[in-house]
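What follows is a group of structures, each given as structure tokens.
What follows is chain A paired twice: with chain B in the first complex and chain C in the second.
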Partner chain A sequence: MSLTEYAIQATLGGKKETANEPWPDDVILYQQYQVEQITLPDYAQCLAVETFLHMCGLKFRVEQRTNAEEMSPSGRKVPFIQVGPYLVSEFEPVVGFVNTKGFYLTKDMPDTERSEMRAYMSMIENIMGNAELYLAWLNTDIANEVTKPRYGCSYPWPLNWILPWRKQRDIRAKLKANEWAVKSLEEVCEEVKICCQALSERLEKKQFFFGDHPTELDALVFGHLYTIVTTILPGGHFTAVVQEFPNLAQFCKRIEDKYFKLGFD
Partner chain B sequence: MATEKMKLEVWKGDWGLPSVDPHCLAVLAYCKFSQVPVDVIKSGNPWRSPSGNFPVLRHGNSAYSRVTDIFTFLRKEHWGNDSHLTTKESADVIAFCAMLEEKLLPALLHLWWMDDKTYVDITRPWYAKAIPFPLSLFVPQQRQKRAEVRVLLTKGGDHITDAETESKIYKEAKECLNLLSYKLGDKEFMFGRKPSSLDAMVFGYLTPLLKAPLSSNTLQSHLQQCTNLCQLCNSILTTYFPVELKELAEKRKQEEDERKAQGGRTDMAEFPNRRRNMILAGLFAITAMVGYAFASGLIQVQISDSETGSSAKRFLPAPPQAVHRTGYDQSTVLDGQQQEGED
Partner chain C sequence: MGSLHAKAPADPQPKGVKTSTVTADKKKEEVYVNFDKLPVRVQRVVVDGLTRTKDDIIIKEIKPLLSAKTFDELVQLSYGAKVKMERLGLFKNVVIAIDVSKDKRENGYEVLFEVQEFRRVDGGIYTSISNNDGSLDFQVKMPNMVGRGEQFRLDYTVGTKKTHGYSAYFKKPLNNNPDMFIGSTAYQFHGEYPWSGYKQTDRGIAFDLTFPTLFGSHNLQWEGVWRDLKPLSRETSFSVREQAGHSLKSSLKHTFSIDKRDDPILPTTGFLWQTSQEYAGLGGNVEYAKQDGTFQWNTSLPLDTIFQLSLAGGIMRTLDPRASISISDKFFLGGPLTLRGFSMRGCGPHSHDNALGAESYWLAAAHIYSPLPFRPGKGRFGDLFKTHFFINAGNLGNMDFSNLSKSFQYLATTLRWSYGAGIVLCMGRNARLELNYVVPMRIQKGDKANSGLQFGIGIQFL
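Showing the complex of A and B:
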């Protein structure tokens, strides 16, 4: 839940017919260039939103823009979707927006399960989100070799140096504020391991986290884990951690086969 | 089993609570749940802690100051109360603790440190009193700054105003309370009849909010509507911390007795005296300063006629009687005296 969603609910509250209007055909999801530009934490978010929309069976097309970050309505957060006159960014607001359009993944979920699902989603955002930022921007090797060149790749000379530096400074300030910056890489890997262990135990041998149907949580977990597993970074710290849990790897494979193979045909 | 007793330093308590800090409360509750033999030291001096904050658990030469570290350490020493949980439930504990940190903590930080009314009325006086003198001048501001940075950097941004950030974090916090309330249902504790580390965390975060004397706060009233959460906090408080409740009752009684004995007159009687003293002190100070200025020649009153006064005379120190004279013949008297002196 966030402000954007709140605002949308407010604007839609008065006119129900707008809210129930079917999904328009020209929905666009904006993100940075996937091959050359996008950074690890951003890609995880983009993939989570894409997966969620696929799970809802909604049509959209992905537009890649070098300045997707500056276009975002919520201050440098990708991805964002354009649905008619609305711009909605980030995972939770998109979920809320899609719900107001009448598409639900978790309509008949009991309250206890819903609260558990939200708790796991917070855990992913809190632990995985911060860990990815830490690895991508605060680990000197990865920041200098991978993240900063990629982040600055679309800008000419002085900017491709200044903008990544400014971004790194912002991320450092943020992680310092929530006490992640003082952790060592080992501690961060340990946090990721704890998080994966919790997910693995929750998933057990089931197909999805809550029974036979996908939920928002499945989309979010897939977005983050798939990104970590498939992104090759020097050191390979997180990839090794995630691969310790075979049922999570199978889960990623399953979701990929189910929702992404069809889309690419 | 521990050869050496562990020492746990926490912030002091108030309002019938063993400590006012959420993290300290969580650790205290965890220790009580699993009957860890610790010496609890209630302190107000953050310089005693290596990290500048409490709780700190000391055992031998090592000190642990983060809640998760303390829990991990205690678990390693086999002082756990989560052993009855299934693996799935342990996973839930991690998830819900993350949710508390992500959704509820920003609102609490905002409430205690950034909400002007609460900060001025409760937080700042409390910490100023709890922390010893020279530190109390800057530690509260330091903590406020840290809380502010944390809330604004993690939840705010350039694209939204502070007021929007505020409404966003309170909305998230209320939703978090609802989710906790669903999770608890009508069970005694989060996972049945035995308390777990999640109960300790929830207790830590919610009890100060429940017990603090806040006036008409939306988050507090929202919590009061979640009756099962209030019940959880109160039952933990009565079962595991009976001493603090007794202390609170005694303190209240004492205060009431004092009020009855003095009949509320002390404040009234003290007030005009204080103002009179202030005025007298001010007058005394001004008189002394002016007197000194005259005596040492910093101020000179000299009146001279325009035609007779010359620049050389004007800079001569005036004799004492000249200062108080206000007559027209000032300068002639002066001239006369000087001539006499020269003669």
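Showing the complex of A and C:
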């Protein structure tokens, strides 16, 4: 599916505005409560989208809702942004939507580089996305001590154990279908390492992955790696893996300083 | 266990009762027997046909027969026992036979109850009607399950509007009283509410106690329900979408009702009074207090016409200052059987075509029912139809509890009303169908009015 097809994710009925209007002032990004509630994989997604919007220089406000997941137009996918009558969720659709509004990070990119960027992005989504789900939900210690209590924190008993249990079941089914569930933690760490290796080699000593200007890939990599590095989880498996690559750690620091100087808001 | 025998106490007949003994010879001569005065002494009561019904519950119902002094009293007591045992759900059918006792003792009688118990497992497929939605019910039930009138029931329902659900229900009469019982239920129900742009799955358990008093019947219920609200489509308004998610309601509800009407659907006389109070907030994350009430009064006028006056109203208030009341708990107004002349949930606050509901409402309706012109099918199916003229008015709005008088004033001044006429069809004893021509007379901004012909079918109406 092309990005433009993703773009019109939801229209809220009523007035049909053209997608070419400039960026309104009241754009809102919805996500779960960052301190108490959000889980590792969801936070990585939210941070990637936020970074992308910052890189585009677009104004938006983050609104935290306990039911952000259920509000999402694509069904249980965070974050989503509200732009006038439109609701768009997830990273790629947001990128597509922002492009239709006339904002690009990669307008003059040659096609070869663009497809290379796409390849890296799908690698991140595949490996890092699944690895984060695996670590957060299938690792017994982390699931029981961190992920499930956080996921259920806004609900009263007995929903605070039914809903995390259900979510875990769904994630397990998803990872079973793509054969991640059978991997051992070491194998998953190895996958993450291979992914980081590839990214590290591509980045070398450059400012960004493709020269001097940020791309979607930079936003996505930052979202995942920053989340992994800064989230303290029992075992600290992934954090150790990522820290083996100093240029990636510096990259995260650089992006943070450049786009999140005033903190996360 | 085939039959149950009860014997009268061995002590002789009380003194003073024995006045004029009716012998077998005399009976032949006399044509009239005065049953009022005919003394009896019940010697034996036989209940035949028992398999799983417990002895103690039968003995409790049968025992009063032994104290019968006259034949008339005996017949009445026997009939009373029959009716009560049937109402308790013990037997499908009870036949009473009263005979003189075999040992030919003076005034000795014996009573035989031939009872037929229900099948252990029974079931069926039914069609049922809720408001503007028909559904098919698959039911399996176990009447008189343990032998003391308990009933267990499993239901599966599929509706025309993508609604579906299943439930298990258990009911047990208390103290041998068919009007006093405890019930418990566990259910899952999925419903879609296109007027408000959401769908919801409810999973819940409830326990209730129903008991009669001098004035009316009380029902006390605790319910714990997990509601999963989802936007119905991408078109769902954001005001509804932001209420999506899981909520857990734990509530205590008291319902008081007096129903003196002769028919629940098309009554000709009598009144209904029903009020309920609900308190949500015993655990869970839904906190509110809700009051709701309905009053209906019917009286027969000359020429087979009936005048009916109905009033309803409700008010609710959140008890959690940080949270507002969810759309699934709010009041709605409008529809072909309530505030006629407006679409389903067509009054009050809307956002992009989705009805949002409000925290208070009132509704009033006056009807004049009369038989069909020229009375076709009189005495037969024609009696199920009535023509009616009506006028109904109502309003829906949110309450500002710091300025109640202003809120009430608002509810009174921004009212909606309409009038019209049409045909009512009574379907069974629990639903009705209406085809009306309606003229909405006062509409507020944002309302969805429906003037002209309007068709409605349902169980709730005013």
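One rule holds in what follows: the second predicted complex is superposed on the first by the 245 of 265 C-alpha atoms of A that agree within 3 Å, B and C clash if a C-alpha of one lies under 4 Å from a C-alpha of the other, contacts with A are read in each partner's own complex, and residues count from 1 in each chain.
Keep this in mind: contacts are C-beta pairs under 8 Å (C-beta built on N, C-alpha and C of every residue); 3 or more make two chains touch, one makes a residue touch a chain.
Just so it is clear, the model here is predicted, and its values are computed rather than measured.
K.L.:
Determine, under the contact definition given at the top, whether A:163 touches first (chain B), second (chain C), both, or neither.
P.N.:
A:163 sits against chain C, while chain B stays out of touch.
K.L.:
In the overlay, answer first, second, both or neither for which of chain B and chain C A:127 touches.
P.N.:
In the superposition, A:127 touches chain B alone.
K.L.:
After superposing on the shared chain, does chain C or chain B touch more chain A residues?
P.N.:
Between chain B and chain C, the winner on chain A residue contacts is B.
K.L.:
Please work out whether A:82 is in contact with chain B alone, chain C alone, both, or neither, and reply first, second, both or neither.
P.N.:
Touch status of A:82: second partner only.
K.L.:
State whether A:155 touches chain B only (first), chain C only (second), both chains, or neither.
P.N.:
second
K.L.:
Considering only the touch criterion stated at the top, classify A:114 as touching first (chain B), second (chain C), both, or neither.
P.N.:
first
K.L.:
State whether A:71 touches chain B only (first), chain C only (second), both chains, or neither.
P.N.:
Second partner only.
K.L.:
Is there a shared patch on chain A that both chain B and chain C touch, and which residues make it up?
P.N.:
73
K.L.:
Please give the residue numbers of chain C that touch chain A in the complex, ascending.
P.N.:
Residues of chain C touching chain A: 226, 229-231, 234-238, 241-246, 248, 283-285, 352-353.
K.L.:
Which positions of chain B touch chain A when the two form their complex?
P.N.:
Within the complex, chain B contacts chain A at residues 87-88, 90-92, 94-96, 98-99, 101-103, 146, 149-150, 153-154, 157-160, 164, 167-168, 171-172, 175, 178-180, 182-183, 185.
K.L.:
Across the complex, what residues on chain A touch chain C?
P.N.:
9-14, 65-67, 69-71, 73, 82, 87, 155-157, 159, 162-163
K.L.:
In their complex, what parts of chain A are in touch with chain B?
P.N.:
Its residues touching chain B are 1-3, 6, 73-76, 111-112, 114-116, 118-120, 122-123, 125-127, 173-174, 177-178, 194-195, 197-199, 201-202, 204.
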